[in-house]
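Input: structures, listed below.
Below, subunit A partners subunit B and then partners subunit C, in two separate complexes.
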Partner chain A sequence: MSEQPGASPVIEIDHLTKYYGTRKIVSDISLKIPRGTIYGFLGRNGMGKTTTIRIFLGFEDPTRGTARVFGLDSRSFPPEARARIGYLPEGHHVYGWMTVKECGQFQASYFPAWNQDIFETVLTHFRLTSKMKAGHLSRGQRAGLCLALTLAPEPELLVLDDPALGLDPVARRSLLQSMLYVTRKADRTIFFSSHLLSDVERVADRIAVLDDGVLQADCTVETFRRQIRHFVLKFDNTPPAAPNFPGLLESFRTDRELALTVVNVTPEIENRLEALAPVSIEPVDLTLEDAFISYVGERGEKTFFMNGKEAK
Partner chain B sequence: MSLVFSLSPASDIPIYRQIIQHIRRAVVQGQLDLGEQLPAVRVLAEALVVNPNTVARAYQELIRDGLLESRSGIGVFVAEKMRQVFSEDERGRRMAHAVEQLLYEALLLDFSLPEVRTYLENQWRTLQTQLTNRRKK
Partner chain C sequence: MKAMLWKELRENFKWALLAMIGLCLAEIYGLNYYDPLNYNNRGLTLCNPTFLMATSFGCAIVGLLLGFLQILPEQRRDQWAALLHRPVSRDTIFRGKVVAGLGLYLVATVVPFLICVWLAATPGHFLAPFVPSMVLPGVADIGTGMVYYFAALLVALHRSSWFGARTLALFAAVYLSFFVTSASYFSPALAAAVLMALVLFTAAWGAMRSNGPFHVRPWLAKVALLAAVFYGLCGLGQVAHMLLKSNQQEDYTGSQYRITSDGQPVITTVNKDLTSKVTDLAGNIINDERYTGPRSYENFLFLNEVCYLIGDSHGYDPVSLYYQYRQSERHVAEVQINSFIPLPVSWFYLQEKKYFVGISRLNKQPVGIADTAGFKPAQAPEPFANLDGFAETYGTPCLVRNGDTVLAFDFEHEQMFQLPSVDEGKVYGAQLISFRNKDSSGYDQVIALAFAHELRIYDPKGNPLATLSYHHDDTDHYGTIELGVLGNQAGYLVEYEPSAWIGWGERNRMTSYLEEVDARGNVLHSYDLPPLPFEMTPRSWIDYIFDSTRSPALWFGNLAYQKVGGQMGDKNLADKDEAAFHEGWENTKEIATRLILYSLFFAVIALVWSRRMNFSWGRAWAWAGFVLAFNLAGLITFRLVADWPVRVRCPQCSQKRPVEEERCPHCGAGWPAPASRGTEILDKKEEVAAV
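And now, the complex of A and B:
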C-alpha cells in the first residue's frame, strides 16, 4: 500500500497473532494506521480488540508477527516513545482518594510536555472542578477526568479503548468534540474502539472490523456501508430458496418476498438475483449499525474481507 | 450565515448526504443567498460534531453539481448563477425520482391528481415569493 508517499504509518501491525495458552485471540492481523487519521476499531466483545491494542502498546508480546508504533518495535518500547502516546484504557480507572486537581498533578509529573490549559478545558467541558474527589465522580465525569489526563500531555497518538462505555449522550458528545479538537493538528492520530456506530460514523475516517480475532474489514465508513447491500426481491408467488453465493450474509423469506443482505456485490451476483426472475428488485439503504450487525452477526462461513482500496 | 441544522445520527442516509440535502434546501429556501460564503469546513464540522473530511466531501459534491463554487484561497460560496451541470437525461432521471416519491406519498394519503396539482402550484408560489422577498433584501 502506498497511500501517503513518504509518510510512514503511525501504527503498523504485521501478521500479528496472539495465543493465550491454546486459545487463539488474534489471528494474523495486518493493519496500517496513517498519520492524521481517526480510526475506529469495531468488533463485538471478546473479539480481540483490547488484546490487539495492548500488544501494539507493548504491554503484551505477540506470539507471532510484529507491531510497530512510530516505527519502533512494540517489544522494546523506550519510555520516550511512550510519552508520545496517550492511552485511555477501558473502564476509566482513577485513584479515588485523589482530588481532580491532584490527579492532574500526579499525571503531570510523568509528562514533560503537560499542557495545563488543555487539562482545564476538558475538565470544564465535563463540568468538573478541581476540588472534586475522583472517587465520588459519576461515570461520565470519571471519563471526562481520564480524558483530560490523557489529552493534556498532547500525545501524537491517542489510543482510546471503548471511551464511550457507560457515558450519557451529553458526555458522549463532549467526547467526540474533544476527539475532533485533538485532530485539529494535522499530525495527530486517534485509534479508538467503540460499539456506538453512530458516533463512529460521525468522527472516523476509516474503520477496522475485528471478528473472532480476524480482521474482516479495513475501509472508510462510506465504503463499508456501500459494500453491504440489502435487496428485497418481490415475487408473484412463493419465492425460491435463496441462492448460495459467497458474500451472502443473511436471507429472509416471506410469502412473496425474499430479502438478502450481501457483501461485495458484483455484476455476477446481480445477474444471479435477476435469474431468480422476481417481479422487482428493490435495493434498501442500511444504517451503519444494520450493516455492521449483518456483517459480524451469526453466519456460517467467513470467507470475505472488505478491502479499503476504494476508488476516490 | 444561518446554516443551522442537526443530523440524524442513526439514519440510513449517510452523514455527508444529509449535509448535502440541508445545504440544497437552504439555498432553495433562500436561507443561503446566491454568492454567499459558506462556513469553513472545519467550522461546520465542529458545529455538527463530525469529521471535517465528511463536510469536505459534501462541499466537493455540491461544487461538482454546480450549486457551490470554490474560490481558491478564500473559501466556498453558493454559486452566483445556478449552472446546470447535469445532462438532460440525468435531469430527467432525478426529477422522475423526486416525483415518484411525491406520488407514493400522495397515493398513500389518498389524494387525487387535481389535488396534488393544487398543492404543487400553491407550494411553488409560496417558495417563489419567499425567494424574491429574500433576494430583494
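And now, the complex of A and C:
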C-alpha cells in the first residue's frame, strides 16, 4: 500500500555511512524525519552531525547508503528543491562587506518566496538596522541576521547546524523565539543540531543522538529522559563496586553512596541493584542535559573518597 | 546570475584595482627600462624585454590571485555550503564567478596595457615608432594570464587527497607560458592559450559540479581534467629537465671548417677537455701556433653572410627563423650607425609597411621618412612598392631589396641611391662588408649583392667592382653564401654552405664548397667541404629518461602528421618524414621501440594496480589503454585522477575491501551493523506512527 503524500518523511536517511580516508565518520545511520516535527540532532563534537547534514543536503556524497529530502536523492539534488529548505550552517557566515540590507537583497534575489516582512521582523527582534555593516555585527546579531536570511524564504524544512553555538543566553533565547514564532505553521519541519540541551528541551519533539558516528537514540525528548534513570544507593559502609550490567552508563562512588545512571531499566536490573543490599535506593529525576551528558559521556566508574581512602 | 555577478564584482573589485595599479607601475617601469650594457635586453617599447617580463609575470600573478581570491576565502566548508545552498544550479554560480572574475582580470590587465600602448603610440614619449603589431606579445601575455586564472580556479575547486595533485594545474599554465614565450608566431601562441584556457575552464567547471569524485563529472570535464593533469606533468617535467640539465656539464665534441688568413680551409676540432686540433682537408695535423694558440681567432678569416637563405626553403619561413613575434625586430628594426656619436635623428625600418621613419632624439617626434623616393620630411608615408623582403642590413648605408634592385640608404648624409638595375632577376641578399684597408689603419667597405648564381661587388657609392659566379642546386635546401675579401682586395673567398637555419639532419645532406676568386671572377682554387661527421653529444641519463617516457600517442601522432603532410605536398613535413624514415630510421626505430616498451610496462602496472584496487575489468582496461597512450605521465595521471578506493580490512575475511562496495569482493560478505551497546533508545516506529 502506498503512503499518503503527507505521511512521507521529509528527510529519509537509509544506512548512511561516510568515510574520510579510512576513518569512519558516520556509521550505518537510518533515520526518518516526519513532516511537522522539530527534531534535535545531538552528539558531542566530531560525532558526525554536521557531516550527516552536509550529506543529506547534497554537499558531500555518502560512501554507502542513501539520503533523501522530499523524496529526492541527495546525490542529484535539484537546485529548485533548495528553495524549500532553509539552511543555517555552523558559524553564521555573512559577507562582511555587505550591509544588512544588501545581505537581504542578495539572498532575496535567489528565493522567489522571499518574505520581506519576516526578514524585517527578525531583524527588529535582534535590533538590527538595514544600514549596519554585516562585518561589524556582534556574534548574536550576526546569528540573528543569518536566521533572518534563512527564515525569510519561508522554507518547508529548516536545517540549523548548531545555531546557538557561541551565543550568550539572551541571544540564544532571541534565536529560539524567532525560530518558533516564524515556524509555527504545523507542516513546517525543523531539524537542528545542538549541544545546548535546555534549548532542545524547550522546542524539540524528538531527538536523535549520534555517538561515534553511530545512531544511539531516536525518540521523543520525554522517552529519552524517561529511559535514562539515576539511582543513589546509600550504604552504611563503603559501597561495593557497581555491578556490570547492560545499560549501565556510569557509576559514581563516594564514602557512603553509589550513584548509578542506567538506560533502559528492566526489573532484572532493579533486582540486581537491590542485591547490593543498600540501606536505601533513591531514584533521582534527571534533566535532559544531565541525561544527555551521562548518555554520551565517558562510561565506567568514577570515585570520590575523602582522606585518600580507597575502597577495597 | 546577476546577483552573483554583483557580489563577486563588489567583493573582488578592490583586489583588481590594487592589481591594476601594481601592474600599471611595473609595466611603465618596464617600458622605460633601458640598459645600454645589456645587449640581450634590448627591444623597443612594447617589445622591451623588461616590459614583457612585467606583462608575462604580472598577468600570470593577477590571474592567479583573482582566481584564488574568488574561491579560497569562501571555501571554509560551511561558508561554501551556504554559498551553494541556493535554488540555482552550481553552473549558474560558477558562471557568475567566472564572468565577474574574467571581467575584473581584464580590467586589471588591459587598462595598464592600454595606457602603455597609448604611451608607446603617442609621439613624444619614446625614441621609437609604433606599429600596431607590437601589441601582440602583450596580448599573448594577457591571454596567458587568463590561463593562470582558470588554473587557480581548478586548484581551488578540485578536491584531491594529495594537495600536490591540485597544483599540477599551475604547471599546465607554466607549460603554456614556455610555449607562448618561445613561439615564433603570435597566432599559435594565442591559439594555445585559448585552448589551454578552455581545458582548465572545463576542468574547473567539472570540479565545481562534483563533490570530489572523478566518475560523476561530465565526460567533457573528465577529459579536460585528464588533459590538465597531463599537461601539468609535462610542465613539471620541463621545469625538472631545465633544473637537472642546468647542473649537468655538457660533453661537447665538434668540428668546423675555418679559413686561414691566406685563404686555406682547415678543420678545427674542439674536444671535451676544450683542447682543439687543426687539420688540413686531408686530415694532416697542422702545428702552427698561429692557428692553435690562444689568440688563434685573430688569424682566421671570418666570412660575411651575403645571403643566408638561397634556394628552396622547403617550407621554412625566413621571418620566423630570424625573429620571434616577441622581438621588436619582427616589427620595427633600428638602424645601427657606424659611429660612437649618435645622429640627431634615429632611423627605424617598419617591417610591414616597409619604409624608414626618422625620430628626433631631441623631442622624440617623427621628423623624416625614407622610402623609394628617398628622404623627405615626416608626412603621410608612401610605402615602398614591391619590396619583397625586410631590410638586409641595419648599418649605414642600409641596404633594402626593392624588387630586382637594391636601395642603399645613407642615414648620416640622408641620401639614397639605387644600385644598378640588373637583368638577372631576383636579388637574394645584400650585405655591407668591412675589411682591413691596405695599410691596416682602418676598415674599407664593399657592398655585395647575391643573385641566383652570382655575387656582384660594389664600392660603397654603388660602382661595380667584380662579379663572382657560384653554383648551387635550386631544389636543394636553403643555402648560405658567404664572402670574404682577401688582403689588398686582390681576391675574394666565396663559400656556399647549408643555412644554419635549417635542421641538423637536413644540413648534413648538403655539401659545402669554398672558392678563391680573383677580381675578374676567375676561380683560382676550389675546395669541396663535405659535411663533417656530426658527433652527437652522448645522451645523459636525464635525456634518456625524458626521451623514453614521452607520450607514444603524441610521438606517433606527430610521425603520422609528418607522413600525411608530406604526402599532401608540404616539403618541410616531407623532409622531416624522410629524415625519420630514411637516414634517421635507426634512431626512429630505437625511440619507437623504447616508447612502446616503456609505455607497455607502465600500462601493465596500471592494469595490475587497478585490479588490485578492485576496479572493474572495463575500468582497468580503460586506464591501461590511457597509460599505454601517455606513458609515465599517463600512469601518474591515473594515480592522481582516478577515484582511488579507500580500503579497509573485511571483518569477515580480513582482506582489504573497498568501503564503497556493499559486498566484499573476496568473501562476498556485507557490512555488519554497528555492534549494539545495549544502551540504544529507539522508539522510532511507534512515534513516527503517532506523528
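Throughout what follows, the second predicted complex is superposed on the first by the 292 of 312 C-alpha atoms of A that agree within 3 Å, B and C clash if a C-alpha of one lies under 4 Å from a C-alpha of the other, contacts with A are read in each partner's own complex, and residues count from 1 in each chain.
In this section, a residue touches a chain if its C-beta (ideal position, glycine included) is under 8 Å from a C-beta of that chain, and two chains touch if they have at least 3 such contacts.
Treat the numbers as computed from the prediction; the structure is a model and nothing was measured.
K.L.:
Would you sort A:D161 into first (subunit B), second (subunit C), both or neither based on which partner it touches?
P.N.:
A:D161 contacts subunit C only, not subunit B.
K.L.:
According to the stated criteria, A:G21 is in contact with first (subunit B), second (subunit C), both, or neither; which is it?
P.N.:
second
K.L.:
Once the shared chain is lined up, is A:P267 touching subunit B (first), subunit C (second), both, or neither of them?
P.N.:
Once the two structures are laid over each other on A, A:P267 reaches no partner at all.
K.L.:
Is A:A204 touching the first partner subunit B, the second partner subunit C, both, or neither of them?
P.N.:
A:A204 sits against subunit B, while subunit C stays out of touch.
K.L.:
Compare subunit B and subunit C by how many residues of subunit A each one touches, and report the one with more.
P.N.:
Partner with more touched residues of subunit A: C.
K.L.:
Is A:E90 in contact with subunit B, with subunit C, with both, or with neither (first, second, both, neither)?
P.N.:
A:E90 contacts subunit C only, not subunit B.
K.L.:
Counting contacts the way the document defines them, which residues of subunit A are shared by the two interfaces, the one with subunit B and the one with subunit C?
P.N.:
Residues 205, which sit in both footprints.
K.L.:
Which part of subunit A faces subunit C closely enough to touch in the complex?
P.N.:
These residues of subunit A touch subunit C: 9, 17, 19, 21-22, 27-28, 32, 34, 36-37, 50, 54, 57-61, 63-64, 75, 79-83, 85, 87, 89-91, 93, 95, 97-98, 105-106, 109-112, 161, 205-206, 209, 214-220, 223-224, 227-228, 246-247, 249, 263-264, 295.
K.L.:
Can you name the residues of subunit B that touch subunit A in the complex?
P.N.:
Of all residues in subunit B, those touching subunit A are 7, 9-16, 42, 45-46, 49-54.
K.L.:
Which positions of subunit C touch subunit A when the two form their complex?
P.N.:
Going by the criterion above, the answer is residues 2-3, 6-7, 10-11, 76-82, 84-90, 92, 161, 211-213, 216, 646-648, 659-660, 662, 671, 673-674, 677-684, 687-688, 691.
K.L.:
Quick check on the complex: what are the subunit A residues that touch subunit B?
P.N.:
38, 173, 176-177, 180-181, 184, 197-199, 201-205, 221-222, 225, 284-287, 289-290
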